[in-house]
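Questions regarding the structure given below will be posed in turn.
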Amino acid sequence: MATLKKKLTVRLHDTDAAGILFYANQFLYIHDVYEELLQLIGLPVASMLRDEPFILPIVHAESQYLKPLTVGDEITIAVQVAKIGETSFVLEYELLGVDGQSVGKAKTVHVAISKQTEKKIALPEKLQRALKTFQSAP
Amino acid sequence: MATLKKKLTVRLHDTDAAGILFYANQFLYIHDVYEELLQLIGLPVASMLRDEPFILPIVHAESQYLKPLTVGDEITIAVQVAKIGETSFVLEYELLGVDGQSVGKAKTVHVAISKQTEKKIALPEKLQRALKTFQSAP
Amino acid sequence: MATLKKKLTVRLHDTDAAGILFYANQFLYIHDVYEELLQLIGLPVASMLRDEPFILPIVHAESQYLKPLTVGDEITIAVQVAKIGETSFVLEYELLGVDGQSVGKAKTVHVAISKQTEKKIALPEKLQRALKTFQSAP
Amino acid sequence: MATLKKKLTVRLHDTDAAGILFYANQFLYIHDVYEELLQLIGLPVASMLRDEPFILPIVHAESQYLKPLTVGDEITIAVQVAKIGETSFVLEYELLGVDGQSVGKAKTVHVAISKQTEKKIALPEKLQRALKTFQSAP
């Protein structure tokens, strides 16, 4: 079991005139971590788009915002695989402030889609195996 | 009872190298509609940030993606007030394609926060009244 | 000779914690106008990406910022074709406030590239003709 | 004399349906490097917005695009102070691919503006001194 963690700094362009992180940008942050996860399990986005017969679009996404974040804030994002289904998987993210306190949470649901038929397909086996490495304890 | 509807066209910068709308950008679209709603009920964002003693940050947001959208696609977004609570309210959005089919859904939960104390406060009465105009039928 | 004009409202996600339009987002605005121009001349982005043997990437872009813009500000963007070359063309944009005053300017240089060879090619004739319609007076 | 360099990876949300970096996002990248420069010289954006009597808005920005970039590409951005004027300064950026080849260039012009009067002011001396550390050789 493993958790991937990534540090980042809130940038000016992530904030808005209310002085805080614009809510939609939390979804950019977690996707960056997802892209690192794909890289780690040997399936970088570029390769998937170019070489694989499937894509993994997001069909559901949600975020919670527990504390306002502003420019210069340093956060750590941890991602775990929460569920591996027949044709889909669920990722759960937690965003932590420098004091280790939770500042936000998020979840994305990904479905395996055949590029050719544009229909759902079973999760490729090598992907299933790779995702298990990052699966949260049951 | 009223529903606010807004038309928009998916722009190139909303898409990604997979050729479709990047999922986080659906949250930009619905926020644009929310800003129009605020304008309509006499509480434009600029005034709120400058003049009101409260802000209405999003504490929860979620989206569903029912059909891939790509550059040039025209969609209509409808928003309704799904719930008005003591200190919060819930907006529900539906995204429709040109054929009237649902291509996505979304929900945002907003909490009234005092600028001074940074604590939750009761929804200002005039805001409550205004939101009721756009409340979905029970 | 024609000028394409488009109105837009500065949205919260276009601003940053300094309270004003984040400079990079002016480039989003002008590209939206460029996409409308392409649509008008019968070459919508989606068709170009799917059907044409060429693309028109931007090789140079610049913006000037004459007045700070903030959320809720309404602006009009006018675009004209400033130059049509052998393999490239130049667009010039002006951003006007509600009082008609210039609040910003921008310029983009586009080059015709063959999808197959990835080399510069002569501007397709139908594109040249279409661009002339929006060419600024000499 | 010093040059600040920063590595980054092109993320999916930086690309568009043409499969490459959307041109405006190069301006996000260079601003991230600028924010690191400000941090390094003891003037982080958050402090400037909160504590200083001035801001440093961009009045001109330009980019050149020498090679298309796509998702997963690793680049290094180097920034130098190209000019320090009475009330303004100029930053020049170069983007390098993994092979050390230039893939893009950029320039931003910043003006010191008093928060109180909203007029140009002389560059604060400590800022001038700090910028000199990163000034390119004459």
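First chain written, first letter: the chains are A, B, C and D, and each begins at residue 1.
Basically, contacts are C-beta pairs under 8 Å (C-beta built on N, C-alpha and C of every residue); 3 or more make two chains touch, one makes a residue touch a chain.
For clarity, every value in this text was computed on a predicted model and none was experimentally measured.
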Chain copies touching (chain B, chain D) - same or different residues, decided at half shared: same
Furthest chain, CA centroid comparison against chain B: D
Centre-of-Cα separation between chain D and chain B, whole angstrom: 33
Whole-Å separation of chain centres (CA-atom averages), chain C against chain D: 23
Inter-chain centre distance, chain A versus chain D - centres from mean C-alpha coordinates, in Å: 28
Interface hub residues of chain A, defined as touching at least two other chains: 12-13, 17-18, 20, 24, 28, 31, 45-46, 49, 70-71
Touch list for chain D against partner chain B, complex: 12-13, 15-20, 22, 24, 70-71
Chain A partner contacts - residues on chain D that touch it in the complex: 9, 11-13, 28, 31-32, 35, 39, 44-47, 49, 70-72
Interface residues, chain B side, partner chain A - complex: 17-18, 20, 23-25, 27-28, 31, 45-46, 49, 55, 57-66, 68, 108
